[in-house]
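By written order: A, B, C, D and E. Residues from 1 in each chain.
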Amino acid sequence: MHEAAKKTFRYVASFLLIVTLNFALPRLMPGDPVKNLIGEDVYVSEAVMEELRTEMGLNRPLYEQFTAYIGDLLRFDLGYSYHLHSPVAEILRERIVWTLLFVGVSVLLGAALGTLFGAYAGWKPETKANRLACCGFIALSCTPPYFLALLFLEIFAFKLGLFPFKGFYDVPTPGSIAHHMFLPVTVMALFSASRNFLIMRGSVIQEKGQLYALYARAKGLYDISILFRHVIKNASLPIITLLALDFGFLFSGALFTEIVFSLNGMGTLIYDAIIGKDYPVLQGSFLVVALAVLLANMLADLAYAIADPRVRRPA
Amino acid sequence: MNTLLEVKDLNVSFQGNENENKTGNKSENKNETVTAVSCLSISIREKETLALVGETGCGKSVVAHAIMRLLPPESIVKGTIEFKGKNLLKLSEKEMAKLRGKEISIIFQNPSLALNPVYSIGHQLAEPLRIHTQKMRWKEKEGKKEKVKQKEKREKKKENSNLSKVSRALKRVGFSNPREYMGYYPSWCSGGMNQRFLIAASTMLDPVLLIADEPSKGLDRDRVSELENELKGLKEKSETSLLLISHDLGFVRRLADRVAVMYAGEIVEIADPSSLFESPLHPYTRGLLNSLPERGFVPIPGASPPLSNPPAGCRFHPRCPIKEKRCTQERPELKESNGRAVRCFLCP
Amino acid sequence: MKNEIKQPIRQRLKKGLKQGLRQEPKRGLKQGMIFTVLILMLVANVLPAGAAGSGDAGESFPMSKAELSDAIILYMKVLYLGEEGELPEAEFLAGAATAYLEQATESDGSVLKIATPSVIKSASFIGDSSLGVFAHLSNPPLMKMDAEGHLVGQLAESYEVSENNTQWTFYIRDNLYWSDGEKVTPEDVDFSIRYYGKETPWARWINDTLESSTVSEADNSVTFKFNKPYTRINLEFATYNILPAHVWESIESPMEYVNEGPYVGCGPYYLELIDLNAGKLVFEKNPYWKGKAPAFGNVEVHYYSNVDVATLSLEKGDVDTYYKYAGSYPYPNIEQLEKAGNFEFLEKTNIGLVFLAPNLKKAPLSDLEFREALSYAINYEELVRLETLGYGDVPNRGFVPPPMEAFKETEKLEYNPEKARTTLEKAGYTDSNGNGILEGKDGKDIELEILIRTDYARTGELLKEYLEEVGLATELRTVNTETWFTLKDSYAYDLTVTRSTPWGMLMHASWGSGYFDSRRTGQGVMHNVDDPEFLELCDEILATTDPAELETCAYELQDYYAEELPVIPLYWNNVVTPFNREFEGWYADPLYGIYNLENFVNVHEV
Amino acid sequence: MMQEEAYIGENTTQESKIRKSTIQESIIQESTIQENTRQWNDFRSLNLDLDIRKYGKNLKRFNRGGLFLFTFFLILALIPALFAPYSPTERFIPYEAPSTAHLLGTNDIGNDILSELVYGARISMMVGFASACISTLIGLMIGLLSGYFRGTLDELLMGFTDVVLIIPKIPLIIILGAFLRPSIWILILVLGLLSWESIARIVRSKTLQIREAGYVKSARCMGFSPFHIMVSDIFPNLVHVLLPKFMLATASAMISEASLSFLGLGDISMKSWGIMLSFAFSRGGFIREMWWWYLPPGVCITLCVMSIALIGFGFEGREKEKRGVDAE
Amino acid sequence: MSLKAENLSKTYGSGLLGKGKCIFRDVSFELEPGQTCGLMGPSGEGKSTLGRIIAGLESPTAGTIHFKDSPLSGMKKAEYATFRRRVQMMFQDPTDAFNPRKRIEHSISEVLKLLDTPGTERIRRTKEMLKTIGLPEEVLARYPAQLSGGQLQRLALGRILLLEPEYIVLDEPTSALDVSVQAQILHLLKKVQAEQGIGYLLISHDEAVVRFMSGKMGMLENGKLKVFE
């Protein structure tokens, strides 16, 4: 129980730190958000700008802004985006659904693909096919993501004309969604898979050298069944941690894929918010991502406790 | 009594590591071949306990792994290992897999690591049952759909019978409430408990040959005597032959029917325990016994030679108190006389 | 919602799927693909959120969940059970898959599709700036600019200005109807203008200066009376979209009003749908449009967050033309499109241009001679060749490009490094310590910091090379647009490369003056000139509506540019718009390029 | 950029396990586990290590390929003049297709692409190595301190590390990239300052392990100062963990640099491969299908990163193999 | 002159929450120079922890250690430095007794440097030490991985002897070794004790070893120490 309390404390501390960072970082950025609000080539008098600044609460002292910010947070009010003309919470709710769909499917596919191939490649690392797969996945993980996305787009959407160029759908039907999401999901899944692959491979190589694997063989298990009956469960433990860590990366890291495929997701939201200094959106989405990662980490801890009996040893 | 296992001229060598050692001693580590076991011949009769005794690094565990064919594929194994008349080294991996766990079982020296940390004890104990009864199920699968329900029932029954078998096995190794322990995981239990689980798992299918690889290593005195009783009980109750590999002379003395002493990859002496311990022939055996506490910790000077570069002639000659000139040049053979064998020119 | 589709892409996909199934060698791959697509469909279907993108979309599912899973099972059977009987089933499935994409479409006429890199970030009709431009089609402003750059009426038939320039009367056309059948009235115009003034920050000036407005039912006119003279109201009102009063009255804060559509409009089309997730705007024909009947059932604006992807989709034929406000189709790709063969190009000199703005508040750029020398150091021809690939011209010293009203032919800028060097020497900038870098008046090495927005990275590189050629050390600082705004506002630069937009060239006292008048602020504005002569000129222009007077002032202004070099234009460029050969009748105005009402009623299929 | 964490890679296995076990089990149990592991390693080294050796060999093949590639790129970076046919700033006819004069053609302002590519190696690799140096240094210090002193300091440092780990990196880098002048040095600093957590964690867990080794205990017992112990006893034994991590940090920094360039946040005065690539996209190389322009920098990034990563993996593999040899 | 432990207790894992696990309570004993005190008990009962506490590597939860009649906790820096030299500990596992990345030579001379021994003196003392422990000089050039467990354990002892300790805590010094080597080490330990008058605290689970070495014997069981003479 003691450890659990410590963990909880650490999570809470992390959360508070994130909230503070979240508040401070966007405000440190240069540029006058009011000007960004008005738009290019428009003449506005100082008085009007001042008025707007007041309206946005940007000219109050920092600590006042901070208390107001915390207060709003407690009311689940993430503020209002003057760029996107909606309450941030609403925007986030809308976008998150899509990003979850997009990222979720990719992560699941990637995890499944990476784990399976990685396990097999780790089991027989010396075969040609596995060496090739390993090279391939390493190469994949070493490619800048946007480069891969653009290449995919050129080949499959432009050259072969199999998939559309942009958007989550053309008309909101499952068919259209599937058709539109195919390429971005493939790209993301490949990335996710390459990470999982390398870890799984290393993990299996390490685990299969353990004594229990040898004992499994001594019990009469044969070749690949040792992998599936004994090694894989041990070896996939680190994947749990990775998936949790991945979560944040995938939320924000989908950015490049989203830009290339013109997807209206969290990644582009964050990117636009940074570029446009849309404080409320920036804060809101950072908060959501950080919370998601925290949550994922907590879940990973739990999952770990369930999957690994070494952790939940009874007193 | 029939001979169950006959090992003849077993040679096991490992290809050394070709890349240079990080510590800088390039010349020493280059392309060396480690011959872990050379010209080893032993036989085990049915219901017999043969002990293989020797110090760390003398190659005794390699023998065990060679018999089970658990050595990595890169190792070079020569000679014959005949088990019930079949040469194990000639069997295919699949055929060997059928033997492992069913006919020949092994208990590893480190029970906590030999058990899979993420599966429950019950699951792991039942595993040999599942593995070695699978063939039946395959046949069932050929049946048609109408048999599916029956099959399911049978499977459930099988699972239940498996469970009861497991709990019986656990009881046998001294757990009064096996059902509770079946839900435990290896990391929750002490080394001694794990040792017993391991024994239970390995003897689940009443193997003809049980190999115990340093079972007493790392255990407390109390635990060792428990283990001793365990093995004694096993010997009495079942038809199992035991190949006991250990460095603990006292332990061996109490359990073995015959003892083989190994030094630097070779067997230097084979004898029954009483004659071995009372009148050891080989100078190494003598030295070894003298360094025991009860004989006043009289050490053998020097250290064991590296297996990668054994001395010429008798491998023990650099440390031998009674060596002669020929000991340094010629290699002695294992000479047998009235039930004992010894590898020394100077011993009758 | 019903009629929007019958895109070639769908058909192509359908064809592709069917062909794919028939092509023996690649069959496995394609089957796998279709299978995956089906699975994805199921996933998407099971996740209700996935389909909840737009409220009423749920009804239009052509297949239920059960049907879908049936299809998948069927498909699996096809995949795994033998070769026989495969084709019909596969065909059925290809049909099933494409049925989703097909979406009940009784087409009436074709669809005009426009690709743009200007992303719509929010479904806010008033709030989103890109959307504001695209909404000209559905809610045209009062005025517009014709091909020659003259301001003419659009919703307004004509306008009048009072003597003292405070009172502007607009006469509204009387054959205009909103898409809900209501007539467009002067009240709508009055409402819209006041509404903007009240609700939007950028039109706050209206609120501040509009004294009164009167609506006359009789001559269908609206009169705005301001508390100070305005001479460019006709231009200003070429940008404000007119809204139906009866709809927007009830909307409290329009900046925050987010709605995916439809919006009532009075143009030839009205905005039917803003679909952020699909990345498109759909315009539907206005049934009450009394003008020339447009040739297309729908107009769709497809936006892409990546320019390359936008151009790829154009090249692919997914869209018919390309539009970017104040921008051209990327020059390097024109050749590619020409090769593709099914595109024609509309080329027009941009009234906006790319220029080099010196920081006049800081030595050495505050020195005219130094600027003069600078102007000789730049190889304009190479810039034109490399930056515009020939779709541009070497600019005159007078800054203003030819298509603008009252353009005056001033001296062409000249590339003469020798002259640059001698000018610098004469002006006292010499390299006395022999390190190859000229020293300034304070004896220190001149190191110029060139601030560039990422779009002009290459220009910056070339400039650096040119300046170093004549002995001026330079440092490039690339910043993203937003940082650039901050830095140029605090005059933290020596030189900066930026561009003017058409509207920017016209704003304030026109002829680009809005960028340089130090009394102004704004995102793209340099506000670097506080020379009273210049400011006076601006005021003069701002005080008159008389064409002749304006022209004189304009000439004077251009002479000022040429003499004082408060800005060094780098190149005049052309706006090149590719359009699908299947359509004809295009024209472009200087302000909004091809995005004007004329095109949407006139362009038709060949 | 995205791969950043991918390279927690093979080490995560050990690391996470150690993390969990240290958290959940008392010190006694930990030491018995360590003891068990040690015994197992002894055993394995004597009898069964060949499997791992084989694996090591396999990795060595990767390693050799990686080393070869890496040396190639390193030579490019060190003496570009030897390989580049022209100066990277020399201008010819723009948009030339590959020819004998210009093996990879010319770009939009007529620079020889091959020369640009060759000269880009130095900058790309410098970004990678310099930022990896920073992050490794920070990670090493934090990991060492928290692993050696444990207790409250450990709690604080690791808590901090956890928080840093959670912060989404890319947006933060974009913010900082936009905020600060996009000079290559700032970029290096930002990348370096943001990617030390995984190194800190692995160093800490390894330090926790080494701390319990006999030679560290003896050193403490003999009165050596903590500083001396850390520098002279612990650090040398961390090198093999650090080296692959360093390599992987280098690789991910290079990818990050390329990604930032794509978003226009790079330093265009330093023509790295990332900048080249971003120009190839923004200046029409991609749509004009000038694959000889946009593929080479992309492929170079991938290959170079891969070579570095392979060396990193190779080190890890060798270490696995080494552990066995040591115990013999 | 003695090393005294008074009422030592140790509890693990106590923190803000939870009580933690008590390892032993109220353990007191005294070590005399030139004598061996054996400490036995089942594994996991905290023998090693007690050893570490006595060697000053860990602090007890309660109780004090007196070295030459001054308590450890109240020692001044200089005093503590002397204590640090005079009380040493030898560990069970010889394979990790030396830094695997350094030659033996290096590890040894580091210790001598710590003692501010001049260069020539260092060589002399190293040679002397090797003679004492009975190893040839070649071992100095080796890495730990190239030496056997017995050799390493000898060297570990030799390194400790350089510091001229008065007490050595021997934590299972032979249990990782083979019987024949164990005998060698035990004899060496006895020889050194006879020569230099060092007091040993021998921790072992092997009764025979303890009997062979020591006069006094303690049994740590269930957190309590029972002493037999």
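Keep in mind that, in the parts below, a residue touches a chain if its C-beta (ideal position, glycine included) is under 8 Å from a C-beta of that chain, and two chains touch if they have at least 3 such contacts.
Source: prediction; values computed, not measured.
Set side by side, the interfaces D-E and A-D show unequal numbers of C-beta pairs in contact, with more at A-D. Relative to subunit B, the chain whose mean Cα position lies farthest away is C. Mean C-alpha position of subunit C lies 81 Å from that of subunit E. Our note on geometry: subunit A versus subunit E, Cα centroid distance of 52 Å, whole angstroms.
For this pair, subunit A with subunit C, the centres built from the Cα atoms lie 33 Å apart. Subunit D has residues 32, 40, 42-43, 48, 51, 54, 178-179, 281, 286, 325 in contact with two or more other chains.
Shared interface positions of subunit C, i.e. residues touching 2 or more other chains, are given as 308, 312, 315, 480, 482-483.
Touching of two or more other chains is recorded for residues 13, 100-101, 145 of subunit E.
On subunit D, the positions that touch subunit C within their shared complex are 89, 94-95, 108-110, 178-179, 181-182, 264-269, 279, 281-289. Within the complex formed with subunit A, the subunit D residues making contact are 1-14, 16-17, 20-21, 23-25, 40, 43-44, 48, 51-52, 54-55, 58, 62, 155, 159, 162-163, 165-172, 174-175, 178-179, 251, 255, 258-259, 262-263, 274, 277, 281, 286, 298, 301-303, 305-306, 309-310, 313, 316, 320. Note for the complex: subunit A touches subunit B at residues 210-212, 214-223, 229-230, 233-234, 237, 307-310, 313-314.
Here subunit B touches subunit A in the complex through residues 68, 70, 93-94, 97-102, 105-106, 108, 110, 113-120, 127-128, 131-132, 185, 187-188, 201-202, going by the rule given at the top. Within the complex formed with subunit D, the residues of subunit A that make contact are 3, 6-7, 10, 13-14, 17-18, 21, 25-26, 28-30, 125-126, 131, 134-135, 138-139, 141-147, 150-151, 154, 191, 194-195, 198-199, 201-203, 205-211, 214, 235, 237-238, 241-242, 245-246, 248-249, 251-253, 255-256, 270-271, 274-275, 286, 289-290, 293-294, 297, 304, 308, 310-313.
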